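Common to both upcoming complexes is chain A, partnered first by chain B, then by chain C.
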Partner chain A sequence: MLRINIILKYLRILFQFWSTSLSIELEYKLNLFVEILSTIGNLAGSLFVLSMFYTADNTLGGWPWHSSLIILGFYTLIESFTISFLQPNLSRIVKQVQNGTLDFVLLKPVNSQLWLSFRTFSPYGLPSLIVGIILIYIGLVKGNYYVNELSLIISFVMFICGLIILYSLWFLIASTSIWFVKIWNANEVLRSVLISGRYPISAYPLALRPILTFLLPVAFLTTVPAQALLGIAPFSLMMVGVTIAIVFFVFSINFWKYALKFYTSASS
Partner chain B sequence: MPVIRVKDLSKEYLVADKQPGLIGTFRHFFSREYTSIKAVESIGFNIDRGEIVGFIGPNGAGKTTTLKMLCGLIHPTSGVVNVSGNIPSLRKYKFLKDITLVMGQKQQLIWDLPPIDSLKVNAAVYGIPDKEASYRIQELALMLDLKEELNRPVRKLSLGQRMKAELLASLLHRPSILFLDEPTLGLDVNSQLRVRDFLYNYNQKYQATIILTSHYMADITSLCKRILVIDKGQLFYDGPLAKLTQQFSPSRLVRLEFNEQINFSLLKHYGKIIKQDNYSVKLLINRNDLPQKINNLLNNFSIRDLEIADPPIEEIISKIYSNKIE
Partner chain C sequence: MFKKLFTKKRSRIFNLYRVFRALFISQYALMVEYRAEIALWAISGTLPLIMLSLWSNSQAIYSFGYNPINLAHYFISAFVVRQFTAVWVMVSLEEDNLEGKISPYLLQPVPPIFRYLFSHISEQFSRLPLVLLMIFLLFLFKPNYFWLPNIGSLIISIGTIFIAFLLRFLIHWIFAMICFFTDKASSLERLLLIPYLFLSGMIAPLEAYPEQIKQFALLTPFPYILYLPSKMLSSQSFNQTINIEVLFIWIVVLSIVSVFTWRIGVKHYSAMGA
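The block that comes next holds the complex of A and B.
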C-alpha cells in the first residue's frame, strides 16, 4: 500500500516535470521548428551511411544487411533515449553544480538522482523512437526472421540493461562534477563511444572487441539485444550483460551519495 | 525547548592557491598547494520556535556557510547541529518538508514559464494534493500581493515580483523553519517593505522560526529582536539588537534645528558633528553627558526642534566589523 503511494507520488512528479519541459519547448516556436528539422536530417543521414556500407559488400562483420538494420534500429532507440533524457538532464548537472542551483534539488524531499536524471524530457527523441522500431520491424520482415514472444521479452530485457549501463556510465561521469566542477564535455566522449554501437561488434578488429564488450560495454547496448531478438545471443553473454547493468547501476547510486558528502555548494 | 541547537560547529575548506599569470597557472595545474580555510569556527547558539533571528556579518564571514550547514547542504567538519530533532546533513524527507531555504541570488522558478507552473511542480514534489495546493497558493498570493503575475513568464517579471513568487514557491509546503539568505537583495524600498511585512505575517500566522541574513539593516531592525553577529567565522555577539547598540555605541544621535543661522564651530564642545546644514545639525553625544549637554544647548541657542535617537545601526555594525569600538 505504501509502495503504491510512493509510485503514485513519483508518477505525479514526473508528469509535472515533463509537462513543464514540453511547455518550455513550446515557448520558443522557431526553435521547435529548427529542432524538428535537424532531427529528421540526422536520421536520414545515418540511414544513408548504412546503405552505402552495404552497396559495396553485402555483410558487415558476418551480419547480413537485414540483421544490421536491426542493430541500427536498436542504436536509434538508444539515441532516442539519449536525446530525450540523458543529454538534456545529465549535462545540466554540471551547470547546476557550477552555479549552485543544485541546492534547490538537494533540499527537496525527492530522490535527488531521480530528479537530476529525469527532470526534463526532450520531445526530439520521439522521432528516433518511432524510426528505431520501424527499422527493427523492417529488418525482421525482410530478413524473414521468426521471433517468438520469449525472444521478444528477452531482447527487451537486454535492451533495458543496455540503457541502464549507458545511463549509469553517463551519470557517474556527470557526478564527478561535484569535485571537478567543470568536466571536459563528458557528453561528447560518451556520444563518440556510443556511435561505435551503430555497427555489429564483430565488424570491429578482434583486438577492439573485448574493449567494446567489457571496458566500454557498447556491445550490450545494441549487438546483444539484436542477437537476443534473433535468438542467437549466448546465454553467458546475456548473464554478463545483466550483471554489468546491476553493478553499474548500484555503483552509480552509491557513488552519488558519496559524492554529495563533498558538495561545497557554490558560494553566493 | 529550542528548535535549533548548534554546538561547537566548524567548517573547514581546502582551497588551492594559484599564483597569477601563465606560469602560475601551469604550476597550479601540476601541483596544487592546498590551504585549509576555516569558514566557521566552533560557533554555538540555540533558537526557539517562533523566533526571528538576524544573522549579520561582513562578506565572507561565514553566514551562508552556517545557513547551509543548518539546512543540510554541506556537511560540517566538526560539531553538532540539530534542527527540530533532525541531523540536517542526513537530509531526511521529514526534515526537508519542515524547512525552506530562500536565496536572494539564486532562483528555483523555471525561467521560461509562469510561476504557477513551478508551483505545480513543487506541489507534486511535496505531495500536496491539487485542491490544497491551489488553496495555499491563493492564500500566500494574497499575503504577498501577487495576482496576474503568477500567470506571466518569470523572465518578464520585475525583480520584486520574482522574489515574491520565489517566496511563494519556497513556502508552499508551509515549512516551520525558514532560512533566508539575503531575501531582499536588489529590491527597491517598496518591495523590501512588502517582503518584510510578509515575513512578519507568516511568522505570526504559523509560529515559524526564521533565520535571516541581510545587508539591509532595515530588514534586521524591523524584523529581528535577536541578532547573531559573526565575523571571520566566529560568533561575535548573540543577544537583543537594543543591547548591541548600547554596548557598542555609547553615544546617542541628537538632531537639532535652529531658528537662525549659527556658527557651527560653537557646537564642537557638545559632541561630534556628523552632518550640518544651514539651520540644522546632527551631533553624536555621549550617553552619560546627554542631559547636561542638552540643557546647555537649549540655554545657549534658539532651538526650533530637537530629536534624540540611537545612531544608525549600520554605523554601529561597521564599527564592529572594523573593530574600532568606541
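The block that comes next holds the complex of A and C.
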C-alpha cells in the first residue's frame, strides 16, 4: 500500500514538472520551428548518406536497404529521447554543481537522482519521435517483413534496455561533475560516439565491433532492437543487453550516492 | 607633418598589435585552465574517423576514385581540419548576452568580435598537443595509414585551414547576432550543423556525391571549410575543378554582412534585465 502511495506521489510530481517545463518552452516559439526544420534536414541528410553506401553494393554490413532504414528509425527515436530528457536535464547537473544550487535539490524530500534526471521535459524531441516511427514502419512495409506480436514486444523491451544503458552512461558522466565541476564536453564525447549507431554494427571493421558492443554499447541502442524486430537477434546477445542495462543502471544509482559524499557545495 | 602622421599611424598599428597580443595571452591562459575540457572536446570530433571505418569496409570507394589508403589520408586530414576549425561563438555570445556580460566589452576600445576571435585562436594552440597525440596514437595502431605532407603543402594547408576557420567563424558570428533579438539563438547552431555535416565532405569525400549535389555544394561555403583543406593536407590532387573564386567571394560577402549585422544587432542589445 505504501509503495503505491510513493509511486503515485512521484507520478504526480513528474506531471507537475513536465507541465511547467512545457509552458516555459512554449514561450520560445521560434525554437519549435527551428527544431522541425533541423529534424527534416537531418533526416534528408542521413538518408542521403545511407544511399551513398548502397550505390556500389546492395548491402551495408549484410543489411539490405529497408532494414537499414529500421536502424535509422531506432537511431532517430534514441535522438528524440536525448533531446527531450537527457540533454535538458543532465546538462543542468553541471550548472547546479558550479553554482552550488544542488543544495536545494538535495534538501527536497524527493529522490535526488529522479529530480535531476526528469526535472524538465523538452517538447522538441517530438518531431524526431514521429519521424523515427515512420522510418521503422516504412522499412517494415517496403521490406515485406512480417512482424508478430512477440517480436514487437521483445524489440520494445530491447529498446527500453538501450535507453536505460544510454541514460545510465550519461548520468554517470554527469555525476562526475561533482569532482571535475566542468564536464559539459564529456557528454559531447558520448554524443559523438552515439552517431555510430546510425549504421548497423556489422558495417564496422571487426576490431571495432567488440568496443561498440561491450565498452560503449552502441550496438544495444539501435542494431539489437532492429534485429529483435526482424526476429533475427541472437538470444545470447539479447541477454547480454538486458544484463548490461541492469548493471549500468544499478551502478549509476550507487555511483551517484558515492559521489554525493564528496559534494562540498560551491565556494567551500 | 608627414613624419607626425607616420608616427601616429605606426603607434596605432603598434597599439593594435599590443591589444591582440594581450588578448591572445590572456585567452590562452584561460584555455589552458580548462585543458581537461578541451581534451574531451577534441576526442568528440571523431566523426571523420567513424566515417572512415565505415567507408573502408565498402566497395563503393573505388567507384569514385579512392583506395583504402588515400581514403584514410583524406579522413584523417578531415579529422585534423575539424579540430582546428571548431567554432562555439554562438553559445558564448548567447550566454554573454543573457547575463549582460557584453556591456563591459562594449566600453572597451576593442571591437568585441576580436575578443571572441582570439579566444578561438588561442584554444587552437592549446589543442595542438592533444591533436598531435591523437594522431600519433592513430598511426601507432594503424601504421599503414602513415604519411607526411611535404613542407610546402603543409604551409599551404595551415593557411587554408586558417581561412576555413575564419569562414566558419564569420558564418556563426552572423547567425549569433540573432540572439540579440530572440535571446535563445543556440538552437540555430543545430540547424547550422546540418549543412556543415552533409555538404562539407565530412561524411564522404565530395567525389562520392552525385553530380548535381556536388555542384550545388561547391557554391556554398561549406566544402571550403572542410573538403578543400583536407585535400590540401592529404596532398591529393583534385579530381574536379574547384572554383577558388567562390571562396573569396564568400569571405568578402560574409565580412561585409558581419559588420552590418553587428551594427544592427548591438542596437537591440539591452543589457540584462531590460
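Observations
Note that the second predicted complex is superposed on the first by the 256 of 268 C-alpha atoms of A that agree within 3 Å, B and C clash if a C-alpha of one lies under 4 Å from a C-alpha of the other, contacts with A are read in each partner's own complex, and residues count from 1 in each chain.
By definition in this document, a contact is a pair of C-beta atoms (placed from the backbone, for glycine too) under 8 Å apart; a residue touches a chain by one contact, two chains touch by 3 or more.
Values in this document were obtained by computation on a predicted structure and should not be read as measured data.
Shared-chain residue A:P109: touches chain B; no touch with chain C.
In the superposition on chain A, A:T243 contacts neither chain B nor chain C.
When the shared chain is aligned, chain B comes close enough to touch A:T264, but chain C does not. In the superposition on chain A, A:Q98 makes contact with neither chain B nor chain C. By the document's definition of touching, of the two partners only chain C reaches A:G61; chain B does not.
More residues of chain A are in touch with C than with the other of chain B and chain C. Touching of chain A by both chain B and chain C, each in its own complex, is seen for residues 28. Remark: chain A residues 9, 12-13, 15-17, 20, 23-24, 27-28, 99-101, 103-104, 106-110, 261, 263-265, 267-268 touch chain B in the complex. Partner chain A is touched in their complex by these residues of chain B: 13, 64, 68, 71-75, 91, 93, 96-97, 99-101, 103-108, 110, 112-113, 117-118, 120-121, 123-127, 153, 181-182. If you check the complex, the residues on chain A that touch chain C are 28, 30-31, 34-35, 37-38, 41-42, 45, 48-49, 52-53, 55-57, 60-61, 180, 182-186, 188-189, 191-193, 195-196, 199, 203-205, 208. Residue ranges on chain C touching chain A, taken from their complex, read 34, 36-38, 40-41, 43-47, 50, 53-54, 56-60, 62-63, 182-184, 187-188, 190-191, 193-195, 197-198, 203-204, 208-209, 213.
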